[in-house]
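Working notes, beginning with the structure itself.
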Amino acid sequence: MADFLVAENINSYYGKSHILFDVSFTVLEGETLCLMGRNGAGKSTTFKTLVMDIVPKKGKVYFNGKDITGMKTYKIARLGLGLVPEDRKIFGPLTVKENLTLGTSMGKGRKGVWNLDLVYEFFPVLKDFQSRPGGTLSGGEQQMLTIARTLMGNPVVLLLDEPTEGLSPVMVKILKDLVLKLKEVGTTILLSEQNIKFAMAVSDRVAIIDKGYIRYKADIDTFKKDDAIKKQYLAV
Amino acid sequence: MDFNTLIAQFISGLSVAMLLFLVASGLTLIFGVLNVLNFAHGSFYLLGTYFTYQLMQMFDNFWVGLLVGVIGAGIVGMVIEVLFLRRIYGRDQEGAFQLLMTYAFILIIDDVVKFIWGPEYKTIPKPDALMGSLNIGTTVVPTYNVFIIVVGLLVVLFAWYFLTKTDKGKMVRASSLDRNMLGLLGTNVPMIMTLTFGVATAMGGLAGILAAPLRTVTPGAGVEVIIDSMIVVVIGGFGNFWGALLGALIIGEVLSFGILWMPELATVLTFIVMIIVLIVKPEGLLSKKMVGRK
Amino acid sequence: AETIKIGALYTMTGRGGQYGKDSEVAIKIALDEVNAKGLPGGAKLEVIITDDKNPQYAVSVAKRYITDEKCKFLFGIISTGIGLAVTEVSKEYKVILVGTDHAGTDLTANKFQKYYFRTSNNTFQSMMAGAYYLKDEVKNWKKIAYIGPDYAYGRDQLMELKWGLDKLGVKYEVVGEYWPKLYEPDYTSYITAIIKAAPDILVNGMWGGDTVSFIKQAKPYGLFNKMKYFHVDAGGNYEALAALGADMPEGIIMSARHHNNWPETPANKAYIQKFYKAAGRYPSYAAEGAYVGIHVIAEAIRKVGNANDTEALVKAMEGMKIQTPEDPPGFTSYIDPKTHQIVQVQAIGITVKNDKFPPAKYMLGNFKVYPADKLWPSFEYIDYMTKVKGK
Amino acid sequence: MKKLKDYLPWICYFVFFLGILLVNPGTHYIHLVARVIIFSLYAVAFNLLYGTTGLVSFGHALFYGIGAYITGMLVKATGPEYFLLFIVLGAAGAAFVSFFIGLLTLRLTGIYFTMLTLAFAQLAWGLTFKLYHFTGGDDGIQAIAKPAMLTGGVTKYYLFSFVVVAICMYILWRIRRSPFGSVLNCIRQNPQRITFLGLNVYKNQLKAFVISAFFAGVAGGLYAGLDGSIHPDMLHWPTSGNAILMATIGGMGTFFGPVIGAGILTGLEEIVGKYTEYWSFSIGVVVLIVVLLFPRGVLGIKRLAGNKNKEEKETEVVCNS
Amino acid sequence: MSVILEIKNLDKHFGGIHVTNHVNISVKKGEMSAIIGPNGAGKTTFFNLITGFIPSDDGSVVYEDRDITKERPEKIVKLGMVRAFQVSSLFLEETVFDNVYLAALSNFRKNAKIFADRMAFKDAREHTAFILEKIGLFHCKDLKASELSHGDTKILDIAIALTLNPKILLLDEPTAGMAPDERIKMMHLLKELHEFFQLTTIFIEHDMDMVFGIAETIRVLVQGQLIAEGPPDYIRQHETVIEAYLGKEVL
């Protein structure tokens, strides 16, 4: 296993507000790392920085040994970093199917298993609704569409920002199976989650971020046992 | 009113409509795709014409001029998009800033044209092949007008095919909705936007060039077409390509028959149509009410 | 020596921009002539030109000219609307305004004020000459149709022509009035409607680019073979002849306020030659009004001996005789003392092939000339106008 | 102390516009500043819609023009004795028309609204142009007399305009700071939430539209008296565009910004027009610069500078309930 | 307890989909209830229908013996049925105080005052302070809404709703996207508010701890139909609910 996605001392800002302070971590090839933390801790900001949606003022991001700091978002996407954003960003007036096909553009020239049929197999709802405008889907349906859309591009690294938000318990279960399946085919995953049970079920390692600082890193078994940490940063 | 007059007047309306549509289509494309109200669209109409004029001074060939004019208008459009418009995307009150920025370009381009080519009226002759007239029944229709109608229809077909049937077309539509997300999915959004703007301004140029043999080529001519084409867009439904076509047809025909029956009202007829449409369907004839949810 | 400043306002952008630019050239030519000849006390004339944009701005500039730049004269103006706004300033500040282009009859009729003078003809003069032409030169007609831009200029011409025809006792019937907007780009529907109305004569009241568009669009419909075309205030403007080139139909009746090929006097030829040398193109009618205007001012200053006594200058201009490029042999233009309108002959012609003034391929020819005093002043008409339009 | 800071702009306002009379730079410049005063009312009224409510009207010239035409035509018809009353009637006329236009246009949002207002204003412009027996058409209407006490020298009319405008500005200022003003300000930010506060977005926007039109009408009426002449150009779209320009240049997020914008635009027009016929090019370039570099306008720059320090401090405050 | 909200036969189609299928619900005054159901079951739509945000195809909504089926949303709010949003809906450029204060002005019907100073209303000021105090946002009243953390924005959203003196409070996924600790805080807060104000509360949730923790009644919507209704214990055991929604293994 190689260091696949590396954040090195990244410092990110919104305008003048300093959000991330020297955030560093590494995701190994094929593993699932879960980034945890309270609301406003900086998880989403970290995700956005990794794909250069926010360019860090300081620090570097490496993907597969290559420095991608400051690269254009779409180029990073074409390298295979697929972000599933927390706020979904469905193309409302476009149909579900059109939304899905838009996802393929990041997968150009890369092989992978995902295609329309497989996606529909995992999310039958989407098949039923394929010719409806994406904007008319319910909150949870949109969440599925967002994930499916990114999968269409056969990402090498999947960045999942709170994928279970707004999903019903059954759907959360389905999603869990999906993530496990993705791991099986070797997808590297960076996850952010508030649903701890879900996180524990799929992650290999855990990092905790608080007020923009990485406070803790451990593998999942150590973390499970470390109640003090859970209490301190996650209040559970 | 006899049948022949009706036909003649109908064909006149059609020909008026097609030129209106050619201008409005670029406007509506920019609007529908980039969410930009390109108030300067008429300036590209003007620029295309002057480029063609310049080329015809050198080569005396309408078709070469046309080609160069269209491409020229597109290139200027792309340069403006890259250097200026791009910087205001996503700003608060973006609409107002777009308006001001494109307004600034009306002012600038008009003066630049005057500076380079002078204030006098220029002439672009019709190509020889399209000189004469055709007889449709007992009605005389200039060949050139028929040519414009045909070109208009071709543009409609092409745009329809591009926007709804091709992947690029889908990207173009998506980029009007969420540029950021599209980028995250691996699409080179700035390039798409630049190209779209270029295509649309080239269409503006095309409209100007096709109109030139029938109209007066002069600085200021661009501003005059913009309000009419905006009304077409309003009537048809903002950003809707078919809407622009329908709007243009309605305006063309209403004007055409209005002139027969109520010549006193000619100058306000378009506005009357617009107000009626608005009362009945405020979002325009072919625009679906947005079903987006947050 | 003293510099006498003239504050000029001209449209320099958009459709009317060409008139402004041409006037600018003519002003330079006239200034050279005037200053070379000399003014009392070795004074020099100087002209400041500003783009007038719109009436509000023009008024502001006019006031600046007077109060800040100490201009002794206001000058120029292409649009009647701006002329009407600025004539108020002239009246308020008692500074002479010499109008060189705008043709609205009002300024020398119902809206007359004593500090206003005009050195080009008004629409009434054109249309009255037109009425004579229709009566005497055109045979066997009864039905006329009118098309003209839907604003004061277009409306006035029809009113004046009708008044003139009635006055001359001509019997006619108006079978259609068409009112496209100013700068209408597309006349196709009007053209088919006019052909349907089948008048004997189509009277057109457009100017500049609108004339060009209309003729280009009407020609392939055969409109010019189906009726007589009559367009005597601005139809024969050189800029339209130039823009139309070979597209100009032959034998249509037109006129303008100045012609480059008529009269073929040395004065006219010299003026046109000078203009061509300075600008690299032939002038449109507007230039001549400006050219004459400068000479009128210079002449008045010479008579009075200075430019400070406005009342004396007004007196000097009233009734002033001045030889202009458009005067045929044996005639001298003069300023009507009652209305301050320059009185000139009107020459109406028809289009004939003539490529001596490229890029025009057709110029006017077969001129019929209408003596000045038959046309203006017509106090009867001024009364009529005052009744219709108010003071 | 807060009070004084609130009133500081007012003090500047009075000091500048009255002080200029003491300096007495000459008739032309008084006339110029009189234009600034009148335009500033137009721009501030417009900004109630634009900066506050978030509605980009591109047809405000319509209301400005109606104010001017009603005032002018009434004076022409009956004489100048009731000049002030006619200005009020003109403004009322503008408000009346704006009510119906608002009913139609406010059903649409964003740029759609913008285009519609433009279309209506162009219609009115077309009509003014065309109905020349009634409006004088393109020739406009001249020799609009002023009451005896305002004639003779521009200073009297300057003072008169100043007083009228100052009163209107004060009213608009109060409106901006009233509960209603807050509602408008919040409609811009989140209309859906306004609905679920139990308030009707449409009605409030309509009110703002009518109020804004009323004061634009006052400005138009005042202008009719300034030059004694009116013209369809007052209703043409560049006049509407000027409102957006003045508000943006000065700072649409502020109350007094548009006043500064009016000053800058008028001054620019004066200076550029004086030196080049390529004024439209020059103005275009200035607009570009403003749009690109000073999106918050002149007054906004100051506010931004003030905010910077504040922002940095506030990131320290973490509000954890 | 009397019935405050009576929904009869409510029906809604979107194109071919039957989103709300002849739903009958009666809500008792002072009840704390939850609506659960799979994604796309029609929960949000249900809220949209009863608050007048979208029109229903059929059926009626009777609130305090008054038919409000065709009322405009702002009218319904004025009558006391108030909602907070799934994605918090705030005035981002305003301070926390001003966000709530505007609601207070609306509550005291002072919003249309066009010439008074907006801060001149003592009752509204006090009410605002009271609500902020109550909900625990008072100490950050001068922060801009855009500067709040995700959790606080949701609390502020609810604060705005409360300021309107609701009789019924409708909450669409109040804890979605919240960290576990904030979620627990929110749960306590809702319970407290419910008791303090005697509020009838209906909330939509996917977090089962929350649903089973505080709801007195749970209603289950599946494909637009109300398939079960009852106290937590009953729902927990309900075969169809488990199958359609909860799943065997609770995550």
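First chain written, first letter: the chains are A, B, C, D and E, and each begins at residue 1.
By our rule, a residue touches a chain if its C-beta (ideal position, glycine included) is under 8 Å from a C-beta of that chain, and two chains touch if they have at least 3 such contacts.
As the structure is a prediction and not an experimental result, all values here were calculated from the model.
A.B. asks: Measuring centre to centre, with centres taken as mean CA positions, what chain is farthest from chain D?
C.D. replies: Comparing chain centres, A lies farthest from chain D.
A.B. asks: From the centre of chain B, which other chain's Cα mean sits the farthest off?
C.D. replies: Greatest centre separation from chain B goes to chain E.
A.B. asks: Centre to centre, by mean C-alpha position, how many angstrom separate chain B and chain C?
C.D. replies: Centres of chain B and chain C (C-alpha means) sit 36 Å apart.
A.B. asks: If you average the CA atoms of chain A and of chain C, how many Å lie between those two points?
C.D. replies: 75
A.B. asks: Round to the nearest whole Å and give the separation of the Cα centres of chain A and chain D.
C.D. replies: Roughly 49 Å, centre to centre.
A.B. asks: Based only on mean CA positions, could you tell me how far chain A sits from chain E in angstrom?
C.D. replies: Whole-Å distance between the two chain centres: 30.
A.B. asks: Could you list the positions in chain E whose residues touch two or more of the other chains?
C.D. replies: As it turns out, chain E has residues touching two or more other chains at 87, 149, 151.
A.B. asks: Taking each residue of chain D in turn, which ones touch at least two of the other chains?
C.D. replies: 126, 129-130, 280, 318
A.B. asks: Can you list the chain C residues in contact with two or more other chains?
C.D. replies: 12-13, 20, 150, 179, 181
A.B. asks: Which part of chain B faces chain C closely enough to touch in the complex?
C.D. replies: Per the touch definition, chain B meets chain C at residues 5, 8-9, 11-13, 15-16, 19-20, 110-111, 114, 118-123, 125, 131-133, 140, 142-145, 211, 213-221, 223-225, 228, 252, 255-256, 259-260, 263-264, 266-267.
A.B. asks: Inside the complex, what are the residues of chain B that reach chain D?
C.D. replies: Residues in contact with chain D: 31, 35, 37, 84, 87-88, 91, 93, 95-101, 103-108, 110-112, 115, 227, 230-231, 233-234, 238, 267-268, 271, 274-275, 278-279, 282-283.
A.B. asks: How about chain C: which of its residues touch chain D in the complex?
C.D. replies: Counting only chain C, the residues touching chain D are 12-13, 20, 49-51, 53-57, 59-61, 63-64, 67-68, 79-81, 84-85, 87-88, 92, 104, 106, 111, 150-153, 155, 179, 181-182.
A.B. asks: How about chain A: which of its residues touch chain B in the complex?
C.D. replies: 51, 53, 72-74, 77-78, 83, 85, 89, 91-94, 98, 101-103, 105-108, 133, 135-136, 149-150, 153
A.B. asks: What residues on chain D touch chain B, complex-wise?
C.D. replies: Result: residues 50, 54, 56, 58, 104-105, 107-108, 110-112, 114-116, 118-119, 122-123, 126-127, 129-130, 237, 241, 244-245, 248, 252, 278, 280-281, 283-285, 287-288, 290-292, 295 of chain D touch chain B.
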